[in-house]
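Both complexes shown next keep subunit A, but they swap its partner, so subunit B is in the first and subunit C is in the second.
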Partner chain A sequence: MSDSPQTSGTVPALAIEDLQLAYTVRGVPRGVLRGVTFHVEPGEAYGLVGESGCGKSTTAYAAMRYMPSNAVIQGGRVLADGQDVTAMSTQELQEFRMTKASMVYQDPVQAMNPALRIGVQVAECFRILGQSKIEAKDSARQALRRVKIADPERVLDRYPHELSGGMLQRVVIAMALAGDPKLLVLDEPTTGLDATVEAEVLDLVRDLRSETHAAILLIAHNLGVIRTMCDRVGVMYAGRVVEEGTVQEVFDNPSHPYTMGLLNSIPRHGVRKTDRSLFTIPGNLPLIGTDLPTCVYVDRCPLADDICRNEVPPIVDRSDGHWTRCHHADKIDQIKPPEHENNDFDIGTDTIVKLAAVSKTFRQRGNDVPALVSIDLGFKEGETLGLVGESGSGKSTLAKTLLGIHEPDQGGSIHLDGRLVKDKATDRRVESIRAFQMVFQNADSALNRMWTVRRILHRSVTKLAGIHGAEADKKVNDLAEAMRLSQRHLEMKPRQLSGGLKQRVAIARAFAGDPRIVVCDEPTSALDVSVQAAILNLLANLQNDERTSYLFITHDIGVVRYLSDRIAVMYLGRIMELGTTDQIFAGPNHPYTEALLSAVPSIDGDARPRIPLTGEIPSPANPPSGCVFHTRCHRVIMGLCDITDPDTIELADGHTSKCHLTAEQLSVPVTFTSATV
Partner chain B sequence: MRRYLLKRLGAIIITLWMLATIVFMLVNVLPGDVGRRVLGPTAKLEDVRAYNAKLGTDKPLIEQYFRSIKNLFTFDFGDSFQSGGPVMDLILPSLGRSAKLALLAFIITIPISIAAGIFAARRQDKLADRVVVNAGLASSSVPEFVTASVLLAVFAVNWKVGKVYANVPSGTSLFGQLEYLLLPAMAMVISYFGYIARMTRAGVITALHADYTRTATLKGLDSGQVMRKHVLRNALAPTITVISVQIGYLFGGIIGVEKVFNYAGLGTLMLNAVGKKDIPVLQTTVLIVGMIYMVSTLLADLLIAFLNPRVRLDGGS
Partner chain C sequence: MSEIDPALNSGNAASSSAAAGANERKLARKETWRLIRRRPSFIIGMTIALIWVVCALFGNLLAPFDPLNFRGDLNSSPTWSHPFGTDKGGRDVLSRVIAGARDVLKIAPIAAILGVIGGVILGMFMGYLRGWFDSVASRIVESFLSLPVVLLGLLAVTTLGNSNVVVIGVVATLFTPVVARTVRSAVLAESELDYVESAKLRGESTPFIMFREILPNVSGPIVVELTVRIGYAVFTVATLSFLGAGPPPPSPDWGSQVSDNYNSIVSGYWWSTFFPAMAIASLVIAVNLIADAVQSVVESS
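For the complex of A and B:
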């Protein structure tokens, strides 16, 4: 990335000056933005990071002057190319959104009108610029070509539900570029997309940026995305920018305790659970509307003292263009990551849960859809097996089959402690049911919202552990304590709890019956990084104490690396590669794993070539011939891979790969001319 | 698509058969025999027996049942027990009159209530919205025959606006017919306005808060364009479902209104048939109302599938 352009003399593409914004709730204005100031130069990419509730999206929408009806701007200005956005007439505002600034949204599926064809929606952007119907249609086609959609004609004719999320995001970007905007606001543009798709969308934005010279305001909670995309970054907390600078400066040399906390909560630099616990940020974000004539971070800061509690910190310059709002910027080095904790996670020698030749075929409209194809897996006591792969690769089907929610096809079997367990959960004995438990991604919908936490846990304890009365009450209290839930939390209902606390309740529920193996399906992907860190620590500690095994499903490579002992990589219902975490990250890898790992945007700024995964994942109903991955493989050998399905071979001891290529062949680097970070 | 239609039509036929069965059972649960009802309490026993024999109502119930179902499927709806003439000769003119009244009510209700719903949605939680919502709630909580009676008393009797008897003399001009039909139609309009308006409002509010509406606004469209091109198309699909169901209710509610205004429609015919135990007439009228209900629902589903590309009628792609 180039350095930020020289600022003198130019009018910023976007300048937000001391913006104070409140939401009126029951007649009382409650402050959300407490004086936000930053600017984005023409052609510059500026990132805003922070956890949910910090006001970054509110700021992004304020830049477009799109606010809920109860929002009031209490002070400050929003200047786009020198024009005050807050003072524009309705007409001027429309003009501004048509030609000067546009936006790309988090969820492209929801952002497109489900009732209109893509062509109509894209052409509309050109119609309002005054083009005729025919011109607009033609422009729409060109717009799609511009965002590298290979077959615009086909896409124009489709409805949104017929396209993938990645494709729709390209369409949304095409619409955003219709008026040749000077400012592009991207609000979490890749959240919810697969890493491989995310990488493609980010590549596209990068290419378009150099082509259009539009200024970019990028909102993301994923620090890796910000690092690879932006020139400068602002770190937001509780409605204020607390640190700003170039991405290199801020990420490599953080100068605000919050930035440090954020960066340290993320499992990075290859840290593993055996190395140390993750850094967490204790406490909660201040409530919106709280008056804060102090440092906004004071309640959670390890360096806080009286001055922090009484005075708004001044801007302290760290280096050219890098500043922090902290009274103790010079003492920042006193914040240390957690000490080395030598948790010896000893993994048992016996295989407690074993899947042998487990397949699952769904019937869909008279067709067989193989979702799992002959899966062999074993779990040792106290072992975590990480499961990665794009959406649609069969990860969740595998989890559900293990739990007995899906019945495997004839011929496959699941063993617990060497004994065969019944296929269907409803046929299983209570000991088997309590042995297999699950923690879901969305704790909100997994917990009964009408019940108190105590009642939820009590029921699990009586159902799973089979204990009653005073003994059950004691067990509930013990569980709560192990999850760091207080007595106060036990009397609350799920909706009164934060996301992290809800996930703790869900974990407590799973552990009520002393499970042997817990399936964790993306348990932290909806959580902020500091909360994620606390949950990962909790899972690691529980495993250490209870010697439970985990099947850990995630799309976050850093998380899987931190927690897993072994990793399995799935594609189209098959395990393509299986090995210890060290083996997977050291390579050589199956080409699919290689592409998957290269797609992850790095927080650490280390440039590395990305292996593009072209095209979308094929339909399991109609898998490609030979090796199922050959249609997207960068090491494909035509004449072999498209004809013969490869066997699973051993690359090293305990490291297997379902590929024709040997370890030596896979170690040869591939070079790509395009797309380098 | 064809498979879907065949399936739906099959379902309609089965439902109609069940409906016919239920009507048959209910009618035969009522005390008294047909001959006695028609000929009156003073008729001789022999005459009553002879009459029953002529109609077949002296046969065992199971036999009567099979005969009535058989006739139904051969489109032989039989003769009225009461008049002796074919049932269809009685029903068709009544159906025509009811349809005329229902159509008028429909034409007035739909635009008014949809407009009110949109109006309220755009002013969500403001005074105008509250007025529409509460007025709608109040108006739809009152049964049609009460509204009809009030309208009759206030307008037709007190202010001499509109007619007490809604039966249109033959030869009245189309515009002149309004004088007769407007009051009963308004009784129905008042009853259905609230529900449709509130459903429209809910649909529009959901669409207004949808992400695609935000996209449209941030494209730079003005609020009118956003409303027409993006909000309404998505908002009206649930409204159409409601309206189609209302068509069925409309034909149910019309019975009371017709009675109040002494209008010789299908409802009046049905009520009389109940009183006289005129099974063929009753059965056929009930089936016709059922048929209208089901066909309108089917049409609504087809319309929704047309408006919403995500709905796949045949379950295949």
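For the complex of A and C:
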């Protein structure tokens, strides 16, 4: 472990010992951390994983002693480099946060002061270390260079809102490194970022780690990120660490049923909806403050028996440094994947919805901003078309234009069953309105918070199915049952429901009529993996029963692979590549797809060599000449790509690519020298 | 196949659990009320306001003398029989202050309610429809707000005549643009939310989306606006009647009492001005205290 040169003997950079922490709510302490123990060696990267509410972030904040006023440490210690953080005076704590440890937060936008220039904020970090104004300014410039910002002068002069999320997170990291900390706590540092930007930030953290030898505590719900970044990992559940070991050991030989459940909920190893349903974890996390059973996971565990209910599980060593708190660690293999369900997923032969030459141009302060450029797409009955691309590539605009929320430009047309439909949803015939429905990304925003679930569903049933009275009541109950919502949930308002249940209501609403095509705009991105799995299973089953088509927008390559029959890759409002899921994942690919796929951190440890996407997505208001991707393309042919816009060519039957290169040329692997990265 | 919900298994008695859900909502409303009621500003404000409401309802029983026709010594200072003294016409100030509550409490809340209704409708259209309608209406609202309230009120009352109906109409009209602006900004933010888009995708009409979907979600700021407006209405009505544009004489309105008697202050007869003025102040403060309590509870939930 301690292979770093300047370690102070065997004193860990961070040691958390049996930490018990509670939040006082209305005078009653509610336990959140219930005996968390782990340590991070100097120079080591340690990951914490678990579903939301398991105490990951609370642990991270406790390590820095950033705690809300109602937090009470009820027991245990937090030792940073041998010093007890919980016992420090205010001054010692300030000193500690200034020079020994620092933190990078989830949302860089909230971590920065919007009213001050970047330069002022970065320089301030050096000013408090005692540097003069001029020295601090110079240090700020170097700090930005250290986080690989090419043009520090320009960035120092900007305000936070003028920078992209990825760039801002680099600045925050630069600020965190100002005092050369021995410990860097990263709380979901890449959660809000695109996969391509995430990959760049992670590369940066990895480089900085080998440069500074700082110990890293990384909190992430994305298991792929943990796998690629960390040496060891702790799996948290209900305020306790239930399994710990090296990432290879834990991810390849999970020994706690919870770890097993988490890993299996994620669509991986190329599993498809036609292969099997996804694993789910039944039940919910115990509420904070409730008394925990002897084994914290007993209520959701498929292996639970009497001993689990009566005895606290001991620490069972699996291999060197890999342990689990489970009575049945050796029976873990008995947890079987869901049985193969005979899902046929019949895809019809007729194209039910067809977009021809659909463009959408927004007018912004007198400028034309082409958000969609001549999109041709067809949907077959019961087919899922996955839509991927970075933020700003036009995925949502395409969805909203299809639905009639945005009016497409003149010249394009949308057909339903061979009949032209009106551009605006409000002008459409009842049948067309019923045919197009949507499941939104954020169920909080998509459900009227003053309406009960019953009213939401009832209104949708009357409008979309055209039935009233007792018949409508019955339909509402049937719908709720199909979505596995109980009668009790029907009388609740959205805020009383969990994220997964809210998304079920939203799906029920979309299916109230008899939709032909449902647009799913990242419906699971806000959900924990086990809940995501349940929602994906529900969507797959509904499709199988109702033969509905989906336009499925997502950032998650695993999810899109699981659910989609075909995949379209968008960039700057254009479809760059379109093919069946197998074709997309087998290649050859459009260079943009190639870069996108390589950016995904893999849970299985079999990452493809990464193809960096340099720079940011250009503004659609001012697209590059020739091929719009040529400015970031690793296969660019100058003199051709920057002048001529490529035609869409067929790479194989039903597999098209908007690129000058042929299938043979695209099959030649590209190699990168480290200089280009 | 999915997250098994414990509630699913227990939810077999449909009707009883439905009642439980409705009960939960009633509890939430009760909780809001409880929070408002617990605030000291609400208790004090409500006590003062209730005293004036009692005066307004039972003024003729409570007043020791006839507020209009009793004639005693002119400008007699407060005594046991006339605790607030008598005014320059020899009328009992206490009786007139008690009777004056009726006019104010009749006019101000009605004017405020009408103003809020007008403002909600206008603001809802501005915030939801946007576009040219919002641009035009916003400019009109702004030009209205730039004019002095009292001047507009005086102008309207002198042209239209002096009656309670006119005063109510004037105050309501003056409040409409102010309320509209508040409602507009709330609606602007609200109509960005996806449930509005979802309603469009179901083919809902524009009025349905505005008044059934969005309106309940902006009811918080509207309730706050209403309580604040009642306070302003009391003050505006008193100001108008002080300037002679209030309810017509011989009503014992507080504002006209102040204006009738204020020039006798220099002669040392302060009571005939002081007590009606205090009545106005106490009611305005009381309503503002209530508004404050409502606002802090509504905004924190």
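To be clear about the criterion, the second predicted complex is superposed on the first by the 662 of 677 C-alpha atoms of A that agree within 3 Å, B and C clash if a C-alpha of one lies under 4 Å from a C-alpha of the other, contacts with A are read in each partner's own complex, and residues count from 1 in each chain.
The rule is short, and it goes like this: contacts are C-beta pairs under 8 Å (C-beta built on N, C-alpha and C of every residue); 3 or more make two chains touch, one makes a residue touch a chain.
Keep in mind the model is a prediction, meaning the values are calculated, not measured.
Engineer: Return first, second, both or neither, reflecting whether A:103 touches subunit B, subunit C, both chains, or no partner chain.
Structural biologist: first
Engineer: Have a look at where A:446 lands relative to subunit B and subunit C in the superposition and call it first, second, both or neither.
Structural biologist: Second partner only.
Engineer: By residue count, is subunit A touched more by subunit B or by subunit C?
Structural biologist: Counting contacted residues of subunit A, the larger count belongs to C.
Engineer: Output check: A:124 vs subunit B and subunit C. Expected answer is one of first, second, both, neither. What do you get?
Structural biologist: The answer is first: A:124 touches subunit B but not subunit C.
Engineer: Does subunit B (first) or subunit C (second) touch A:491, or do both, or does neither?
Structural biologist: second
Engineer: Could you list, by residue number, the parts of subunit C that touch subunit A in their complex?
Structural biologist: Its residues touching subunit A are 1-8, 10-11, 14, 17-18, 20-22, 24-25, 193-195, 197-198, 200-204, 213, 216-217, 219.
Engineer: Quick one: which bits of subunit A touch subunit C in the complex? Just the residue numbers, please.
Structural biologist: Residues 277, 280-284, 338, 403-405, 425-426, 428, 430, 433, 436-438, 440, 442, 445-452, 459-460, 463-464, 484, 486-493, 496, 500-501, 509, 530-531, 534, 537-538, 541 of subunit A touch subunit C in their complex.
Engineer: Once bound in the complex, which stretches of subunit B touch subunit A?
Structural biologist: For subunit B paired with subunit A, touching residues are 210-212, 214-222, 225, 229-230, 233-234, 307-310, 315-317.
Engineer: Given the complex with subunit B, which residues does subunit A contribute to the contact?
Structural biologist: 64, 66, 90, 94-99, 102-103, 105, 107, 110-117, 124-125, 128, 159, 161, 172, 175, 178-179, 365
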